[in-house]
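Here chain A shows up in two complexes: once beside chain B, once beside chain C.
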Partner chain A sequence: MFPPIANPSTKPVEPKFGDKDLIRRSASSITPAAQRQTEVAKLIDVSKCIGCKACQVACLEWNNLTEEVGINVGVYDNPHDLTPNTWTLMRYTEYANPESGNLEWLIRKDGCMHCEDPGCLKACPAPGAIVQYSNGIVDFIHDNCIGCGYCVRGCPFNIPRISKVDHKAYKCTLCVDRVAVGQGPACQKACPTQAIVFGTKDEMKKWAEKRITDLKSRGFKNAGLYDPPGVSGTHVMYVLQHNDKPEIYANLPNNPSISPIVELWKGATKYAGLAAMGAFAAIGFLHHVIAGPNRVSAEDERNAEKLAKGGQS
Partner chain B sequence: MTNSWTDIRNTDLVWIMGGNAAEAHPCGFKWVTEAKAERGAKLMVVDPRFNRSAAMADHYAPIRAGSDIAFLSGVVNYLLTNDKIHHEYVRHFTNASYIIKEGYEFNEGIFSGYDESKRSYDRSTWDYEFGADGFAVRDMSLQHPRCVFQMMKEHFKRYTPELVERVSGTPRDKFLKVAEWVASTANGERAMTIMYALGWTQHSHGAQNIRTAAMIQLLCGNIGIPGGGVNALRGHSNVQGITDVGTLAAAIPGYLALPTEAEPTLEAHLSKRAFKPLQPNQTSYWQNYSKFFVSFLKTYFGAKATKENNFGYDWLPKLDVVYDALRMFDVMHQGKTTGLLCQGFNPLMSIAYSGKTTAALSKLKFLVSMDPIETDTVRFWENHGEYNNVDTAKIQTEVFMLPVTSFAEEEGSFTNSSRCIQWKWPAADPYFESRKDIEILSDLFIRIRKLYEKDGGKGVEPLMALDWSYKDPVAPTADELLRELNGRALVDLKDADGKVIRAAGQQLASFGEMRDDGSTDGSMWIYTGVYGPTGNLAQRRDNSDPSGLGVYGNWGFSWPANRRIQYNRASADPQGKPWSEKKKYMYWDGSRWSGPDVPDYVPTIPPERSVGPFIMNQEGVSRLWVRGLMADGPFPVHYESFESPLPANPVFPKVRGNPAARVFAGDMEIFGTAKEFPIVATTYRLVEHFHYWTKNVHANAVMQPEFFVEISEELAKEKGIKPGQLVRVWSNRGQVKGKAVVTKRMIPLKVDGQIVHQVGLPLNFGFIGETKKASPINSLTPPVGDANAQTPEFKSFLVNIEPVSGPVA
Partner chain C sequence: MTMYDVEAGDKVRVGKAVTVDRYTTGARINHWITAICLILLALSGLALFTPSLYFLTGLFGGGQFTRFIHPWIGVVLFFSFAGLFLRFWKANLWRSEDGTWMARLRDVMAANEDRLPEVGKYNAGQKVVFWSMSILIITLIVSGVVMWDQYFYEYSSIPQKRIAVLIHAVAAVAIICVWIVHVYAAIWVRGTIDAMTKGQVTGGWAWRHHRKWLKELVVGRKTANGSAKG
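Moving on to the complex of A and B:
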């Protein structure tokens, strides 16, 4: 049995990592942290998930989020998509396995994958709005967010959502505030069947191996770990019964990668050292091709430019 | 549960049927995932729907709702005809060898002794043959044509895989896989656990569903061993506790019987419960009934209960009939009830046939609701459009709402499905004017008693005799109440040598110390020990597990006697040796019964005394044949549900529904026919909600916001229903409207030559709360109950369905 994470101490604990541990910062060049934290990962074992949504509720509760009461549209998924308040969502797929003839109800907990090579961060034009800690967690710093939405387009998993209230981007933080004081994320804590486990990435890979051996013994010959190399691996990984077909799990991308446009943009800023006007034009162009027209207000653009200049100077 | 939640980790095969543990018991289900992940256990699920448990299963078999007995009897027949039984266990630990007396008959679905006009049986022929010595006659070779084993073979032989497929709609290969997997545990090397819940109880033949499962486990030798058992998963965190404490309609605390009018004296009551052993040397523990009963009376009436007044027996109410929930509302419907006190009860939502419930509540003079939340029931008089379409002006019932604290705002104990009593402490302060249930009831009692003292009245004696010596009479504490359930010595208790074993005033350490001479009290013998001389053991939180078998003997207190697996003497063979090293649990170590648990046996009786392991039974063995203990037969029989899609019972064409199930006058005509209502419906709860409470909680409402109806793709096509479209579902009693969830998880079944469609109706919605408004699901359900327990038939009834025009979500 995977050892349960102990209840938190009631005494305040020193954060185990913070700003000093950043390894990436959007639209900024930083000196990488001198000492790397051990990489962490959340492992979601789809084969053990009963779809109870306790993780969804725990996420709302821990992060003090309020979601609207929606309607039923003919499926179990509620809400029907990720929102600025719903950072994790169970997605249910009925899969008639053509080989075994059995019906399978595949229930995948969707949310930020915390890519090792995060497309959102690369696409982000606002300095310091998206950061990555040396333990792998990718976090949005809302004070710095300009709500441009590039992170949405930069994300190969379609995760971030822009709030209509404060025009900022929201997604799972991997409970960075909990992890900082040695706790697992709220969803993991709430999961009744240990379908969600949390630890160092190495531990999680070992844990996954054991699960995959069990699944193979039950006839799932393509069971495997979803840790896609296209984004240099992720800090949220899945154990899938059918790792050869991730797309059957509510369109989990098969071999995801960062959009080449984002990579191009990233390269351009890095090596050409664009002037302010050039940057503005590039942002405009990039905005047009990635986000489409009219998604960002002119004021936001101006702010972006201002912030971008300030950040690069 | 015969076993415990934590014991499920010891199993090799989990069979979930008549329940949906992943949905309704997600936290307990962790032990299933644990057994799968750590032991390589297999999980099989049999259910009308491919549900959340099925999503975790290695094998799923569909079944027509209401046909469980045919399916289970098919497994019994498979085990018997293929000789896949645990021979030694069956021979020595069950009543397979007992001879049934002449005169017993079973013809075309009816047992001997049936009286059609009363819809009941004279059960006198359902008994053993007795010898001149007064003991039951046995044939240990199991060859006698009238021995239980041979009678079973005869009774179950009709339930072939072909018949199961015809009646239950389960494809033959899927049924056979279940049977083969079950058979793989009939050897003492491997164990199977059966997990069930209301999917088995809520039928007109519910008790027999569970009984058939118990027979399978006995044939396999899976009772009393780690990883085995027939495990009832209780639906509320403390529903085991309220059952224990006597909210059953015919019981007082601890499963003792509430006296009936046929038992006018204490002697008459006790003489029916002498429970003499039916074999030499047997324990027949219920012989101690009088000790538990008198101790109960001593708690109730204190010093006023004396030997001379039969310990106050006359003050106890005597039942004319059993007032179960269905009868309660039937009586109310007849206009015979003045007031109803609803304590944590939302009957408008939870009692069958809501139309009748509304009419019944409308006839009350007053209705009192004690609840932490505003229930639909207290708003029954309010018009909520089509969801509760009543004429308010015509309802004169006065409604009182008394806000009570929630479980998290008070201390007390919970008893879980594992029979484990666990203390809990308040986590928050109560809101506003809410008071504890105990305080409201005590206050009411004291005020009513004062009124009677002042004005006098009819039948006042019991009220005046009741002992109420709590420190603060208007606010007894949970601690005082648990002590009272446990019991204490009222005088110095001495053993045969005159040595004091328990001083006057001391709490009792076990029910073995109870006496029937008035020298002990204790209102619930099965809990005795939880609050013994060493204090409140429900507060124990030691999670050490030296045996590694998930026993956790120092965590809380499991009744009876802190025993974690019941009948655990049966984990060893008749010589006291474990059946196998793999299933080693309790065994004879040469001087006593050892092992990680408290033996379910006198610890020092050696195996050669041949005392049976089922010490509560007069036989000392378990019962494959139950004599006259069940209302509807000594063996299970497949009967159709009261509303069935078939023209006749395919097994016994002359008998349709359970012939011993009770139907109230005027209720027979409210059953619908398959012609008008061709579709089978079943109701259930969703993991996102807890009954009718959490529709008042915002986060839960977000997770499942609106009532829906689960239908197959085939039925949707046939009826022109699109996914997400509003549909109307109606029975002969009412209608509901909800969104269509069109799913591959519902599949049409071929039953007796015809296609049977089933629809699924989740029950958690209503017209009060944060979820979208919905009609009570029990608008649809029939008010017929199980022949033994009167549990309503919520799991199998007939409806029709049609799309409602309008936008599709």
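Moving on to the complex of A and C:
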């Protein structure tokens, strides 16, 4: 058993990180915090999940969210997708393992992965609407959000959702408010099987190693840690029984990275675009300075009169 | 007689000086609605294009309202430009002299008017602006609708939305460049702006820049007078 995080004291605690600890801020150039805090991570061990949805409930509870009553279409996923209110969602997959012949029930807790290289933040046009703390947590600052949905395009995991009520983007905060006072996220606290554990990223990697060794000993030879290098690693990681094919876990992307189209849009297009507009304006200005105005001469007017009066006669 | 270059309302007036009616009141109102929309779209669009211009959202009452109003201005522009398109497309069809005009762009820039072919109501440069605007506006409205999450989120996938934002950004940069050419040409060629403000240009302006058009109008006038007398 992973040592549980102690319950908090009843005395108020100063937050352990804040605005001074940002390493990235959307649409802004900031000096990253000189010293990084220890990176935190949430480890989701899919092999231990029993699909009880306690994490989903805890998330709604802690974040004071209410989900609409939905419709049952014959699957366990409820609601059917992430929404502006559902920041974490159990996705159930029935997998017929061709090697063992077993039917495996793969239950993945979907939600923000808190990428080290966050695509949402790169795509965001609103200064300070998305921030990344030095401990790795990526958070949306709703006061600055304009609801454009660019984060939806930037995210390689299809996580952010735009509210139809206040037109702002929502996703898992990794319970930034709890972590700031030394607690783990609400979902982790509620998990009855320790399928969700929380700690420093190094601790989580070490813990995952033990779990992977155990899974391998039980015949899952491709068991492994999902910490995708394409986004420089994530602060939410999975232990997967079949790490060689993450896509069987309700389309978890295999080797995700920020889309090259997003990189092109936010990179070269921006600079080339500004340069092109500037060049056109500058050429116009220079042409006018050098060539001077193109004026109609008195002779042109006389010619026109001659033509028009000739036409009249 | 076919007068491909003459649009409804174009007319030579011979008074103390020769003036030529170039744009009707309707066409001018149509043009300025489009122009205002295009400027507002450029300002609000640039605000979301690059963080260094995000401050422009202040002109529209903040980021949320900029995000909300931009697509609606786009819809107004689309329909307004459609009006201009219907008015102007015929006179903007490519003619044989347009190739010659384009080939002598150096003389155009140096204002060597005598080395250029006589052109109709629009020269090749104006036609390029017209058709570029037409194509870019269609590109922008289509990619813009794909980006308009508030109403059209469900109708496209995220990879499609990514392509749409890239196309929208590139087309927007292109249309701003075309707009700079359009505005600069109107300023550089003195007497042009009167066409869109007063609706009239001087006879000399028409003679210098659109002689074929002027000649056609004069011939048309003669025919009209002739038939009136008869």
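Some notes on this structure:
What we mean here is this: the second predicted complex is superposed on the first by the 265 of 313 C-alpha atoms of A that agree within 3 Å, B and C clash if a C-alpha of one lies under 4 Å from a C-alpha of the other, contacts with A are read in each partner's own complex, and residues count from 1 in each chain.
Simple rule for what comes next: a residue touches a chain if its C-beta (ideal position, glycine included) is under 8 Å from a C-beta of that chain, and two chains touch if they have at least 3 such contacts.
Quantities reported herein were computed from a predicted structural model and do not represent experimental measurements.
Contacts of A:H167 after superposition on the shared chain: chain C is touched, whereas chain B is not.
When the two complexes are overlaid on their common chain A, residue A:K205 makes contact with neither chain B nor chain C. In the superposition on chain A, A:K216 makes contact with neither chain B nor chain C. Put chain B and chain C next to each other and count what each touches on chain A; the higher total goes to C. By the touch criterion stated above, A:S28 is placed in contact with chain C alone, chain B being left untouched. No residue of chain A is contacted both by chain B in one complex and by chain C in the other. Across the complex, chain C is touched by residues 27-28, 125-127, 144, 146-150, 152-153, 158, 162, 167, 259, 261-262, 264-265, 269-270, 272-274, 276-277, 280-281, 284, 287-288, 291, 293-298, 300-305, 307-312 of chain A. Residues 22-23, 26-27, 29-30, 33-34, 36-38, 40, 50, 52-56, 58, 60, 687-688, 698-708, 722-725, 738-745, 770-772, 809 of chain B are the ones that touch chain A when the two sit in their complex. Listing the residues of chain C that touch chain A in their complex gives 12, 14, 17-18, 47-51, 54, 57, 62-64, 66-68, 109-111, 147, 149-150, 153, 158-159, 161-163, 165-166, 169-170, 172-173, 176-177, 180-181, 184, 187-191, 202-208, 214-215, 218-219, 221-222, 225. Contact residues of chain A toward chain B in the complex are 1, 47-48, 50-54, 56-57, 60-61, 66-76, 78-79, 94, 96, 102-105, 107, 192-195, 210-211, 214, 217-218.
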